[in-house]
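First chain written, first letter: the chains are A, B, C and D, and each begins at residue 1.
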Amino acid sequence: MSDNGPVQTRCPVLNVRRVDAYYAITVVAPGIAERFRSGQFVSVAVGGDHSSTLLRRPFAIHDVKPDYGGTVEFLFAVRGSGTAWLAERRSRDLLDVVGPLGRPFPLPRDPVNCVLVGGGSGSAPLFPLAQSLRRRGCRVDFVLGGASADRVFSAITARRIAETAAFTTDDGSFGTRGRVTDVLGRVIEESRSDAVYACGPMPMLRAVTAVAGNHGIPVQVAVEETMACGIGICMTCVIPVVGEDGITRMVRSCVDGPVFRGEQVRFDDVGTIPFDALGAPGWKGSSAARAAESARDIA
Amino acid sequence: MSDNGPVQTRCPVLNVRRVDAYYAITVVAPGIAERFRSGQFVSVAVGGDHSSTLLRRPFAIHDVKPDYGGTVEFLFAVRGSGTAWLAERRSRDLLDVVGPLGRPFPLPRDPVNCVLVGGGSGSAPLFPLAQSLRRRGCRVDFVLGGASADRVFSAITARRIAETAAFTTDDGSFGTRGRVTDVLGRVIEESRSDAVYACGPMPMLRAVTAVAGNHGIPVQVAVEETMACGIGICMTCVIPVVGEDGITRMVRSCVDGPVFRGEQVRFDDVGTIPFDALGAPGWKGSSAARAAESARDIA
Amino acid sequence: MNADLRTRLGSLRLPNPVVTAAGCAGSGRELEQFFDIAEIGAVTTKSLMLEPRAGRPAPRMAETPSGMLSTTGMQGPGIDVFLQRDLPWLLSRGGRAIVSIAGAGVGEFGELARRVSEAEGVGAIEVNLSCPNPADPAGRRFADDAAQAATVVQTVRSHARSDLPVLAKLSADVPDVVELAGACVTARADGLTMINTLRGMSVDTRTLRPAVAGGMGGLSGPAIRPLAVGCVYRVHEAFPEVPIIGVGGVRTGTDVLEFMAAGASAVGVGTVNFSDPSACTRVLREFNEALDARGVSRASEVVGAAHRAGTGV
Amino acid sequence: MNADLRTRLGSLRLPNPVVTAAGCAGSGRELEQFFDIAEIGAVTTKSLMLEPRAGRPAPRMAETPSGMLSTTGMQGPGIDVFLQRDLPWLLSRGGRAIVSIAGAGVGEFGELARRVSEAEGVGAIEVNLSCPNPADPAGRRFADDAAQAATVVQTVRSHARSDLPVLAKLSADVPDVVELAGACVTARADGLTMINTLRGMSVDTRTLRPAVAGGMGGLSGPAIRPLAVGCVYRVHEAFPEVPIIGVGGVRTGTDVLEFMAAGASAVGVGTVNFSDPSACTRVLREFNEALDARGVSRASEVVGAAHRAGTGV
């Protein structure tokens, strides 16, 4: 049992707020709050003790506060049975929450200019990131998108904490009609961004990575893959990622991610096992690759 | 679809009260209230829409009132997951309730003396029965038993509405230490009872039937068999019962019961298929028995 | 609610694909208290035997996660009582009947088929292959031996009126469900119904004794749905022309969609009738809404969609 | 918490009967964040192959009622990396390891057994018979053919160090699980683990396409528990001397009681680790409490209780 790893707690709901088309739940969870770094997420058991819904639901942590020893907030849209159940929680109900999970966003050493790009619920983890970056003296600009106005999470907060905030919606009901990548290039140029952080659906992350590449700046992406366990034991959340050693591995987005360097994610091959991935059918690894494997994770 | 058969309704909870070791829930269910006759029960879905608990829980109807168009009350003890969930309901929650189910207690034509015997939660259906009997001018005496004081349902109400009320508990914490049948003979004699009504666990019903037999008076028993459907389609609730024609059949306690004439229930053979039951292995029915079968239930 | 819901199982035409699963709808009368029995595709009867049958001792059921274990031992009144008492009632209400039969041996299956064929108004015969084969030395079920199952189907086919579709009801816990299906099709089954309950067990942890009398019971309910959908998918892949009734854990309208996409032409509601007596009509309404929401105008378009590339419809 | 919880699987002695199920506990490190890994009976590893393995494409999982469908394709680092990297870590924490192996053919099973035997500190070998047999013309799994399964077990037995217990891991969706168990016992398996996931399928009702890549997946979780308990019961009845690890849908301490009453000497927690990372230690505590509540002083007394008349213990 480790001290900075995730904890599992049954924590009381402080409040559930409805905001446009989404909900914000705050729970009292000091153990999670004190360990939290931006980009990390929680996983929440849904449906109660006798639920037929077995698996936890992952949500990015949107905010932590010191109240009551430490609170954690996450935002969610109702998608299916799990989020519908969560939306019905009331204060003082208990939630079984595990967190903080996953690798956080790496923060720049220097006060550089960062543009933060979020799609739909993917905006959520960008807000604590923005705070951390601001604390380091970074300039922060936001580009947030969604299907429609009410699917753009926390637009007001974005305006408040960022230098600039641009919005896009598929239906044009808010901000520019179109995709986040339709405005991203302009924002990068105008804000002289040095780095991009993005979170949202895979196609968006791919497009954002391409834009950042065109501008020659690094990009960190946080993926939202389907996850059964969130703690690295089920192997259902894998995506192909190229390691520092040039070898592609099927890595777990819950513990090896959810944050990756955009250039290292093989977006074109998500949903496949690339032929040159370590252990792919027909793959014959060099003994060097194997030795590297055996050394990994020892530390 | 019939007018006097059961209905299925999503009905609001009016209130949940804790009484000693049990709970009383009242729901607003006019359709059930207006059809109700004493001895009938409801079946309640538990655990919510995404529950892993598939089956309904049956509960005797304890009271109906005209308020709000018609309310239905049932009492229950927390036994397992279903009753634990029910105990957590709050007013305005919705419950999916089917009822009224089963054959009611037959009522005597004349104002005779009746003793009502209940064990544990089996007391519940006797209260509306007592009211009906009183309305017909019958004398009503109660014998209620339970494992301990807090397992005797509605003792105060029993005292109020009956001529006399005797109580027994296994541990002697309330009334006489012992079983209901330890005092039943005396009550029958003192109250000059003409008939017995009983509800509770199978061994109790068997003993009560024996006592009534010894006193030469008829007994109506309401059984509490495990039920999957409560409406007669699953065939899991069967017990061996001798028909008017002398033939033993495996009958459904949910629709052919829960009320039976005590003498007709083959208590010794509950949990078996008696060799002479209709359709038992090796059974060779007469053509007369078959003709009778084919005529049953047509009406 | 505009989609054309009609479906076909061989020569049997149904107004919509929602039927009751065998043994899970009583005589039809009990459910008629909750909805109009003529509204659904058909009522599948419990499996009827030649003689009345008392079934197994109690306890007959135990609840399991998202399912139940049961062992009723095919209690029933026998075929004649059904044909004289229950069938006319069902037809008088405008319902359609799929009559499930269970023979105590191959010969009885033939006799049952003959008697059912003499009755007026039966829609199809379903052959329950999950009953024990008295001639099997190891006491296995007909379904456990594809050749034995084929003999039963062939016998039923040859004794049944030629215009009456014969459906073979398969179990999933057999050596090879695709082989079993193939043997039944070769024996001229007009369609397949799958799946029956799976053999399982539950222990009462108070007494530490088996929770249902006799130890083993049949597992049913939503818990088994993925196993049922898997069987339908694999069998439809192997025999795309053979109509299938998908059965196993259907609870909602999207479950119907799931079974049909896997290859079913109709879908049976079983255990969920116990927990929701209005289930059949609710499921039908939800299915209808699900088609509307997807802009599908004919239910039959969905059949086998999961086998096709792209989004299916 | 006074009961003696010790249990034995052949020559392997465990402090208590709660182990992790193969492939459901990572390397042990991940769960160590939530409880002390030395506290539970043992960690069963994912099935290791000779070479590193990338597994199957995503989507790899779908949720089902009280269960899940998964298809990871045995992604893993290969046996050598495990023995050099993960095993020493586990032993250093005081944990016990049951090493699951999966050969791409009979020969590989032998080689895997040899390599595992050379390592220090392994508690037992579990032979995953649910992997496809490359030599089978129909692409079936070893478990589908009792003779093939026996060959694998025999090969492992003869390559494994003689003091290392060999457990055969069985599937339930095979022609006859009792026959399969018998073949493995005859081939000198020291114990049996059952059950593995069952082949099932789920359709994504938005896209009408299979919910996991490749169509079929493995069903696990509480939904399948009655099927697992049924297998344990039947196999224990046939081979009462053979120790069994019961696996399938264990969620609570009373589930452990259920499996042990059916005949298991130990019980594996699988899918429920995903939904509750503290599950193993919670289940162990609840089991302990359940024994206390029943006044049982030795867990081993419960083994097979459901087969005995009366209340078992």
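Note that in this section contacts are C-beta pairs under 8 Å (C-beta built on N, C-alpha and C of every residue); 3 or more make two chains touch, one makes a residue touch a chain.
Here the structure is a predicted model, which means the values were calculated and not measured.
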Chain C and chain B - chains in contact with each: A, D
Where chain A and chain C overlap in contact partners, by chain label: B, D
Between B-D and A-D, the pair with more C-beta contacts: A-D
Mean-CA-position distance for chain B and chain A (Å): 56
Whole-Å gap separating chain C and chain D, where each centre is the average of the chain's CA atoms: 33
Length of the line joining the C-alpha centres of chain B and chain D, rounded to whole Å: 46
Junction residues of chain C - those touching two or more other chains: 65-67, 221-222
Contacts with two or more other chains, residues of chain B listed in rising order: 52-53
Arrangement of touching chains [line / ring / star / complete / other]: complete
Contact set on chain B toward chain D in their complex: 52
In the complex, chain C residues that touch chain D: 64-67, 69, 172-176, 198-203, 205, 207-210, 215-217, 219, 221-227, 229-230, 233-234, 249, 251, 254, 257-258, 261-262, 290, 302, 305-306, 311-313
For the chain A and chain D complex, residues of the former touching the latter: 1-2, 5-8, 45, 52-56, 96, 98, 225-226, 228-229, 231-239, 249-250, 255, 270-273, 277-281, 283, 285, 290, 293-298
Residues of chain D defined as touching chain B within the complex: 65-66, 222
Residues of chain D defined as touching chain A within the complex: 23-26, 29-36, 46, 51-61, 63, 65-68, 70, 72, 75-78, 80-81, 84-85, 89, 213, 221-222, 271-278
